[in-house]
Structure formats: structure tokens, C-alpha cells
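The following pair of complexes shares a single chain, subunit A, combined with subunit B in the former and subunit C in the latter.
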Partner chain A sequence: MISTAVYDTLFIGQRLQQKIDDFSEYEIQFFAYFSCLLSLYEGNTIDKWEYSFVKTELGSPFSLDIKTALSTLEANNSIQQVSGEGTYFNITGKGTEFFNFNNKMNIVAWRKKYLETACKSISLLPLGVVKEAIISDPVMTSAKNSIKTNLLEESNPATKVLYNQFEALHTALADQYQDLIVPAVVWLESLNPERVKSEL
Partner chain B sequence: MIKDQKDIDFYKGVARDLYVTMVLGDYGSDKEHLLIQLTDSIENIYKNLQYKTFKKVFVYISVEEKTKTETPINPNLTSLFSYENLSQLTGQTITIEIKSNGDLQYSINNNFDVNTYRKTCIVYSYSGETKTESFFGKNSDINLRKLPDGDSWFAVETHKSLEQALEDYTSNVARYSACPYLEKVWTDKNRVFFKPKPESVLRDSLTYFLKISLRNSEVRPEQVVDKSHPVDIKVTWTIPNDLALIEIKWLGKSIKESGDITSNYTKQSAINRVNDGAKQLADYLDENQKQAPKKTTKGYLVIFDARREYDGTLTQLNRARGMKYVNDNIPLTPDYHTTRPDFAKPVRFFMEPVMSN
Partner chain C sequence: MKKYSFPIIKNIKINHFDIYKKKKYIDIDIDKNVFCLVGANGLGKSTFITIVNYALTGIVKNPKRKFSSYGSLPKFYNDSKRFSGDYFDGRVNEDNYGLAEVVLTFTVDKYEYKIKRGFFDSDDELRTFSKKELETGQELITSNSELSDQYRKHIVSDLHLSEFTQFVFLQLHVFTFDETHQLLFWDESIMERVLYLFFGVDALKAKQADELRKKYNKYGSDARNLQSQITQTRNQLKEIENEKPTVDLNKSENIELYETYKILLSETDNIMETLSDISEKINHTELNISDFSLKATAKRSEYEVIFNKTLNNNIQIEKNPIIIQILNDLRLRICASKEYEDLIEQLITKIRSECGNISSDKDYYQELQKIDTELSELSNKLKLAEDRRKRLIDEETKHTQELDYKRLKIDEIEKDNDVLLRKIRSSSGEKSPLIKNYEDQIERLSEQKDKAYKERDKAKKAMEPLEKELNQGYIEAESKFIPVFNRYAKSFLGLDININLISKKDGVRLSIDIGDSLRSNAYQLSESQRYFVDIALRMALIELCTQSSTILIDTPEGSLDIAYESRAGKMFADFSHGLNQSMLTANINSSQLLLELAHICKNERMQIERMTEWTELSDVQLAENERIEDAYDEIEKTLNESK
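This part shows the complex of A and B:
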């Protein structure tokens, strides 16, 4: 049975590859974290996501499960490094077949929506704008100034701030939109420091 | 959970100003796939079309369901079977329709009545004159805020290497001050003189450009390497374990509104300033090696060059005066980049003024 981290890595990798020709571990980590946040927005617990995140020394999100998934996929030739560019990957034919087979499994059905929405965001906002917004979320911002490394712990005051933001966002949008993409991009845009500067 | 009305109002405001919310609010959430098809298409169009040469670009997609054989909304359109064929198109205005099957049709220099099309189509426009882009809903429209990388949200080029990013910045941002930050760094509309102390604005422009265009990295302004000498921008990659320290210097003159010169880095003082910057950077690199020895660190000296052949405090220069220093690279003594593998070749961003001829 496929692990969720492996599935998520292939899902995100495929979408990023369609959009920007390849993907890096750093980018997979970002979009996995963003997908997890979208799941929390809809009321799921962090435990349901099945893997957790810590912060790197740079203050970016990191999951050991995602890193392990990438290593596993590279070892079994489901992904390969882009020639001459050691830190970027492409999905192979074998990886695509593996993904397509597992994409039908019920066990992953519920999480597709969050992965899909996270990846769709870069059709509506530039990739760098999405990235800068995510690292400005209250949990990542708090993590930069903290020795704690675990992200999204329930006991973390920053996680409470995040939930408060989601609650306010829910109310503001008042269930006007069927899909998750509107809350996702509104939240991203709200975090973007350049949006605030442009209004000054 | 306590709901703060201020936060709720804040998000309502953000949603009101976002084109996605307007479009899906006006045409229906079930049209999300069409909006994404439109934005993905715009991105592909901009990879091929010389869009900046047009006064107006319109791209649209119908939101009406196909009930029978699709009849074109605009019978004057020409079919296009490859995005690559867009590269040869020129004109004043171009209108491109995205068909639901992904095909494109276009027309050149025909009038496009937004008010007619917006009733049944999601419409996007780009203005080459004002360098702004907009989405139109049924009754309102939203301008997208400007990005430091260039003109369009859908043409932000991403880079894998810092060298590529700096090259892009040199030609497409710094050269013509094509960025919301750089637009505001001048005392005059012809970009002859800087405002006093332009350093932080120049740094913010380059920082934000690198943040949105450089993949796989973290970009941070003003990182302290040691207590007395902060470097201007720090770029970190985790894989590979690399670090770039960017030192910024500017050349030219800055003046107050009164016309009083506040700083003057031209001729010999320009050469001294650049060489001082190179030495500063070499010292930063030595200090950083002590503090972050496990990282592979490289130093980049970047120079915002706004030197002109000035005519007093006149803010209208002819081409000869304005472009006198366009190819004038400052010699470094010592030339660190030839002797130190951790010192990159300096990058000079010549900032072109608006000239009278």
C-alpha cells in the first residue's frame, strides 16, 4: 500500500512538472505543507494528515516523510534527477503508472482536494508569490524566532492564531464559494507582504 | 473561538480586491476550471507573444455551455494551432479567444468591446501603455497589483541560478526601472537623480525580485554577518548547501527636492566606492567562513549604476549625456573574482534615464 507521503509527492510533483517543467524537494515540501493547511482549514486535525512538519534552519517547512518518499521514489526509478541539475526532478513513465494506479485508492481520495487546490494556486498567482505568502503564515513566522522545531502543534500559540485566521476567513466568505480555491487564494493574498506595501 | 470582527472585515477586503473572487462570484464557482484554463493559457501566450509591444492585449474565454455546434463569438478571428506561432504577430491590439478545447483564435487591430464580451466571457486585458493588467467581471473590473519582476502576473520568469536571476534583473527590471520600488527611487520623472538615501529601496527591489523569481531558495534582506558589517541580501539554498551574500552599491547622484546634492558617486568617487564595496564583501566572506564554515559561500557585488554626464541639476538629458556610462565597467583593484573562487564577477545594473533624443 502506498504511503500518503509518497502519494502526495507524486501528486504534487506531477502538477508542478506540468506547470514549471520539473520540481525540487524544497517545492514538494512547501506544497505538501500548504495542502495540510488547507485540510486544517476544512476542520481536519493535523493527525489525519498522517505526517508532520518541522522547520528547517531557514524557517521553511520540512517533513522527514516527504524526504524519505523522494529518496524511495528515486531509488525505484519513479522519479529521476534532471540532467545537469542535481536538485530538480522529473517523474518517469514508471512513476506516472505507479501514481495512476494508486490514484484510484480510496485511502487517498479525501486528500486529493487539498493537494489539487494547493497546486492550482500557481495557476492564479505567481509561484514565488505563493511561496512568500506561505512562509509568512503565523506558524512559519513564529517558527523563525523560536527554538521549537515542530510546526502546527496544537499547544503552539501560533497554531491558535492560524485557526483564528481560518475561522475569520470562513465567516468573511460566508460559504459563498463551493470550492476551496477562493479561500486558498484569499488567504495567500492576505499574507503577502507586498500586497500590504502596495496599499500604503 | 472568538471571532474578531476586524479580522473578518480584513478578509472581506482582501476578497473584494482579488480578481479570482470577482470572477467566480460573477460567473459562478462552477466556472473555476475555465478561469484556470484562461490563466494557464495567458501564461503560455506570454511565453511566445511579444506582448509588451502591443498597446492592448485581450484574452477571453466563454463561460456559456456548448449546446450545439460552437459558433464563434467573433467571426473575424483567425485560428492558431500552436502557441509558438504567436511570436511573429505584431500590431496595436491583439484579441485572443481561448476555445474550450484549448485551441486559440486571434485578431489584430480589431476593436474589442469589453462591455459586450464580459456578459458571457471571462475577459483579461493587458495595457502596454500603462503596464497594467485587469480582469473584468459582469459589472466591475480589478487591476492586478504590479510585481517587481515585470509587467504581468502570468509572465514571471523563474530561475534556478542566482546568475540567471541577476541577468534577468539587469535587462528587464533595473535598466528601465520597471518595478514599483524603482519607479519611486528617482527625484524626477526622467530618472536622472536618485532621491536621498536610495539604498533601502534598491535593496528592497532586488530582494523582492529574487524572492519571487529564484526557485529553491530563501532570500533575506540585511542579514548580519558580523556585528559591525551587515551584508545587504542573503540567499540560502539547503540543497545544495550553498549561501550567497550580496553587497549592493549605487553610483550617480542623489539630490533633495531643493536641488541640493546629498551624495555624489561619479568619476573617481565611483571607482573608489565600487572598490570599497569589493573589499567590504571580501571581508564579509572571510567573516562568514568563520560563522558558517559548512556552507559553500559566494559573494556578489552588485552595482546600481545611475551615472550620467550631468548638466547641473537639469533633469532632461540628451542621449549622449544620458548613456555616457552605459558600457563603462568599473575596474577593480584587486580583481577579487579572478583570485578568489568565492567572489563572483561583479554585476552592474545600468539604469537608463528617459532622454530627450
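This part shows the complex of A and C:
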């Protein structure tokens, strides 16, 4: 099991719990993938994220490491299923203690801003809009039409298109915003302009 | 003593060869000493000879290349392999590429060989190969794999040669007189190899001589080229030295220029020193980076192990998969009223073992924290080292650019002011870099030249014992060989003719002596005289050194003076008896050669195959063919005359 996948699960779970009371596996997977994209936007390599993603049959991002992290956290009582809601979880006291401990570690320090920004996006845009935008990114769109399941491979032409979009975004914003949330929101809006208009 | 046994051809089949349009399947038994294929020009007579040789050797000789251009027998064989496809392309239609093939049956010594070869098979593999003992009929090839390899091994052994390439070489240069008209007497590179194979002690020595000659020629040629470069460089140097320096050393701008030049030289020295320091620092930093990275990877793995222990610590008992399994088994046994004490035991043991694994979360946290701090330190060190490397590389690039710039300036000054610099240097006893450069070059070339000559002399020295053996072999054979050659040559030329073995530093060859003059140069004999003297030499060599043979001669009458035609016919007839076979192609229009041959050989020893049945004729060929048919009838009549 990869420690960063466990940390990311608890981080995203904790933020979602603060905003919408509980979280599902799908949401953890989804925000972990979005966080990884934001790390790429800032020029980090794909390998640096430490775990990878594939597409599910339903066309959403999925990481086995996140799934394993969720099962283990449930088994050792760090998270628990919400009664009556089979697929939703919340973090237990033990989980919170474990998260607080991990949150102080240096090895996760660099990724906090990506996780934070990904989760913060739902304060600025409706969750539905964020989700739809992410599954419309060039990599996910290409994966829908392909039999290949691995996402974000360097050799994949769709990954190159994604980098082109990021480069355009850097140029357009002239790197003038310190906070990553600005380019994140601009990018999400650019992926799904119609839906943004109708929701706002 | 006859050393070799060469193939005697018994049957040839040619299938789907499109230039022979009227005959999809050609099948000829050859059971007489002389076989003559007769037809007009352009019907494929030369191709027929090439097909026979291709069947035997697997190659076609490229008519545009001289043997000397290959340098050795193996190179001649390997390079020629690639040419066969080009040669047959166009003679066979595209759709028959797979079907076109030649099947040759021949005897060597006491064995009968039968081989089938496709014309376009890329791997040089035989399609079929069989060999049987003539006396008992016993088949000697039992495996069907790697037939070409088997064929090569068998034939080399039965011919008493040491290499298949020697057979290919002799077959195409001695046993075949084809349209390329490559003559032994007037091609030293062919002649020497032939002499070693026929008069040397054995075929293995001939192979050594071939390799040594290749070395000797290569090093000799290298040394000559180097000498020519040395002479050229010396001349250039002389020209430069002869230029009279006409500059005034006391002129202020010249003094200034020389000062600038000296400063530039000193600065480049300094930069090079700095660059050497930087390069050392970069190497050191890279070592540090590798070291920190390795340590960080190891620490990270340690972190992951402890982290996993933390997660799996104190997992709820009801979620432990082994305990779940035991409980399920227990339920089944209880429900089925079976004994279950052993499962209770297992359950207790498992729970006890889990107790031993439980450590305090605090301990794990402390360990994780410690590793995390260490990782953080390593990460800082790594970053610092990477920053340092980047800075050093930037510095290196900057200094390299500066060095290039200064060197360019130095080059410019040296180029434009060589005379001035030389004068300054000579007044201070120094040499100009340009002159020094030339002198170094001459010295380097001289060293290479000496080395090449040494290698050439070494090859020559190694050849000496072989040459001695060849001389000995020739002298021993001379008493038999010269009369045989003389018989053939005189029957053709009508003049006394003698040959001598001449050993020169660049090789051994045979020279002809006609009457009193030594006619070793080609121009001293007419073209047709040269061809037939060469054929006489081949016949003498074959008669002396082989027990059996087939000589292939392509349109011999082509350039023959009428006066010599019947003499040439007699020469062929003299050769073609016993186990010596001649395979000729001829355009018999007005030829006396075949008439004489037919007259001597008659039906018992000679057979004729007409190409009229093989292919369609053009109008010109038809007109020519009528005359050929008349001549043919005459030959037929001669063949049938009683002796």
C-alpha cells in the first residue's frame, strides 16, 4: 500500500466531510485524479504523484491504490460506512488522529496544495459542473474512445493535448496568480462552458 | 598425381525459365564427351552456361567486376551471391519466381549428385539434394535440413579441396570460358590463385596464400597511398617555408597584434584550466546526487513498511480474513454436528499470534517521524546538489563559449598573420604552429606508412615458404605440364610455345614464350590467339591435375580468325575424351570449329542440341537461323559419317 494514497484519501475525505457531511469512493477517486492534474499543471512529472489512474467502464478515473487505501482504512476503523448509506463513509476519531499525524509529515507537504485546490473548487463551482468538466478533459475524452485503460501515460497523444492546454493556460494567465485555484477554475470552466452558464 | 575430381554433368533440367518460351520443361541427358548447344544470337546460350554454373555454385559472376576488386576468394563468393537475383530478374517472369528452378545431375569421383535450386530463393538454400554411391546405389544424404551446408561439405571433400569458395573460384575462372573473357595469363590476381591450387602442396595452403596475398596487397596499397600523402604534405610545407617573410617586426601595429595574440593564448590556457576544475566539480556533484537519491529511495521504502504496519496494527478482529474463514468453518461443523475442537484451537492460536503483533501506535508514529525528518534532510541535500550541478553546468557552458570565441580569434590571427608570427617565432627560435602542424602530420603519416610496410613485409615473409612449395610443385609437374600445354597450344597456334613460372614481388605468374620472344603482354598476341592460348592453359591444368571435369565454353568461335577455326576444333576434340567433358554453346553459322570437332568426335563422342525448339525467333533470328540449320545439317552429316 502506498502511504500517499492513504494520506490523499483521508485529506479529500476530511475536506468533503466538512463541506458535504460524507464522501463516496467515487468522489475520493475523482478528486485524487483532479489533484494529480493540478500537479501536472505546475510542471511536476506524472511519476511524482506516486500512484496511477485507469478509466472505469463508466468512464471515470480510478486508482487501485485509492481503493486499497479505503478498504484498509475501513478495516482498521479509521473510516466507517454511514449507517443506511451503503456507499458513503465518514472519518472516525481514530482516522482523524491518524490524518492529523500524517498531515505533519514532510513527505506529503508538497502535495497538500493540489489536494486543497481540488477540494476548494466545489466551493466556487457546483460539484456537478466540476465532475462533468473533469470527465471532459482531453485524457478522459480520449480514453472513452479507446480500448486503452491507463490514463496520463507520457506517450499518450491525449496527455500531450492536456499539456498543450496547460501551457495555453499559463500563457493566458501570464502566471500572475499565486493561488492555484484561479487557473483551476478557469480550466474547469473552459472544459464545460455551457454547463457553467446554466448552473450559475 | 591427379589431385582433384571435378563434376561431370549427366543431366540438366530447367523449369519455367521464361526466356526459353517454347519449352516450359527442358530436360537434357548428357552422355557424351562433347555437348554443344546451338542457336542464333540472343536466344539465351550464354544464360544456359550461367544456369549450369549457378546450379553448381549458387552464384552468378558479375561481368562488370574484375576478380582483383574482390581481393579474396571468400569475398568474391559472398559478394557474387547477391548478384544472382539481379541477373535472373527479367529472364524469368514475376509470376514464375517461385516455380523457376534448375535440377542438375552430375558425378564426382564415385558419387552421383543431384541438386535442385530455385533462381530467387533468398536464403541460398537448395530445394533438394541427394548423393548416392554409383556402384551400390546407396543414398548418402539422410537429413533434409540445411541442404546447402551439406552439399558444400560433401562436394568440397569429394573434390579434395579445403573450401567451397575454392570450388566456386575454379569452376567460374578455370572450368568456364564465358562471355566475360577473363583470361588467366593476363590477370595476375586470378593466375596466382590458380597456380597455388594446381601446383601448391594442398588446397589448405592455397587458402593461406589467398589470405596472405590479400593482406600483402592491402598493406602495400595503404603504404603507397600514405607515401603519396607524405610527398604532397612535404611539398606544401616547402612552399610555406619558401615564402619570404616581408614584415616589419618593429611596426607598432605588429607589436600590438602579437601582444593580443599572446594574451589570447594565455587566456585560453586559463579557461581550459577553469573548465577542467568545473568538470571535476560536476563529476563530484553527480556522485553526491546519486548517493542522496539512493539513500532517499531506501529511506522511503523503510517509511512505507512502517506506515503499512501502522495501518494494519490493531485491525478489528471481525474484519481479519483468516479469522472470518475459521468462524465460517466452525459454523458449518456445528450445524453438521461434526467435531470442531481443532478449529477452536486454530482460532485461539490465531488470536494469540495477533496479540504478539500489536505494538503501540505511538512507537510507530515515532519511527515514522524520525524517517520523515531524515527524508526531509536528504531531500534538502539533493535539491542543493541539483542546484549546484545546474549552476556548474551553466558556468561550463559560459566558459566553453568564451573558449570557442577566443580560439576563433586565435585561428583568425594565425591564418591572416602566419608570416609575421613565423618571423617572430624564428627570431626567438620557436616554430610557427602552421609549420609544426605540417611537420606533425608528416611524422604521423610516416609512422603509419612504416607500419603498413612492416605488415606488408610480414605477409610477404609468411608467403615465402608457400612460394617455395609452389615452385617445388611446379618444377615437379613441369616435365608433364609443359608438354601437355605445348600440345594443346601448338595444335592451335602452329608455333612452338613454352611457358615459365615467374616469381615477382607482387606475385607468381606464368609467362608465355613464343619462338624467341617473351610475349607476356596481352597486346603481343591477337585477341583470338589470347583466348585460345588461355583455353589451352586451362585444358593442360585440368588434364594434369584432375581425374574428371566438365569445361564450359561460351561461343568460342565468336572472334576466331577463319584460319584458326578448325585448329581450335581439333584442340577441343583432343581434350574431350575419357572423363573430360566439354560443354559448348555455339552460333554455328559458317563455323569450321564445330565441323572439325564433329569430324574427330563423331556421334560416339559428341551430341548437339538445337535451340529452335526452345524459344520463339525474331525475324532477324529466323533469317540467321536458316543458315544455322544448314550448318547444323552439315555437322549432323559429319557426325554420322563413319570413321
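As a working rule, the second predicted complex is superposed on the first by the 191 of 200 C-alpha atoms of A that agree within 3 Å, B and C clash if a C-alpha of one lies under 4 Å from a C-alpha of the other, contacts with A are read in each partner's own complex, and residues count from 1 in each chain.
Here is the rule we use: a residue touches a chain if its C-beta (ideal position, glycine included) is under 8 Å from a C-beta of that chain, and two chains touch if they have at least 3 such contacts.
Remember, it's a predicted structure, so these values are computed and weren't measured experimentally.
Overlaying the two complexes via subunit A leaves subunit B and subunit C side by side, clear of any clash. By the touch criterion defined above, A:182 reaches subunit B but does not reach subunit C. Within the superposed three-chain model, A:6 lies in touch with subunit C and out of touch with subunit B [touch as defined at top].
Of the two partner chains, subunit B is the only one touched by A:20; subunit C is not. Superposition on the shared chain A places subunit B and subunit C such that, viewed from the Cα centre of subunit A, they span 130 degrees in steps of 10.
Once the two complexes are overlaid on the shared chain, A:72 sits against subunit C while remaining clear of subunit B. Judged by the number of subunit A residues each one touches, B leads among subunit B and subunit C.
Residue contacts after overlaying the shared chain place A:190 against subunit B, while subunit C stays out of touching range. When both complexes are overlaid on chain A, the residue A:105 reaches subunit C alone and has no touch with subunit B.
Once the two complexes are laid over each other on the shared chain, residue contacts for A:171 go to subunit B alone; subunit C is not touched.
Measuring only between alpha carbons, the smallest separation of subunit B from subunit C in this overlay is 20 Å.
In the superposition on chain A, no subunit A position is in contact with subunit B in one complex as well as with subunit C in the other. Residues 19-20, 24-27, 56-60, 85-88, 120, 123-129, 131-132, 135, 163-165, 167-169, 171-173, 176-179, 181-182, 185-187, 189-190, 194-195, 198 of subunit A are the ones touching subunit B in the complex.
Of all residues in subunit A, only 1-3, 6, 72-78, 98, 101, 104-107 touch subunit C in the complex they form.
Within the complex formed with subunit A, the subunit B residues making contact are 1-4, 7-12, 14-15, 17-18, 20-21, 24-25, 29-30, 32, 35-36, 39-40, 43, 145-149, 153-154, 156, 158, 160, 180, 208, 211-218, 236-240. Residues of subunit C touching subunit A in their complex: 300, 303-304, 307-308, 310-316, 319, 365, 368-369, 372-373, 375-376, 379.
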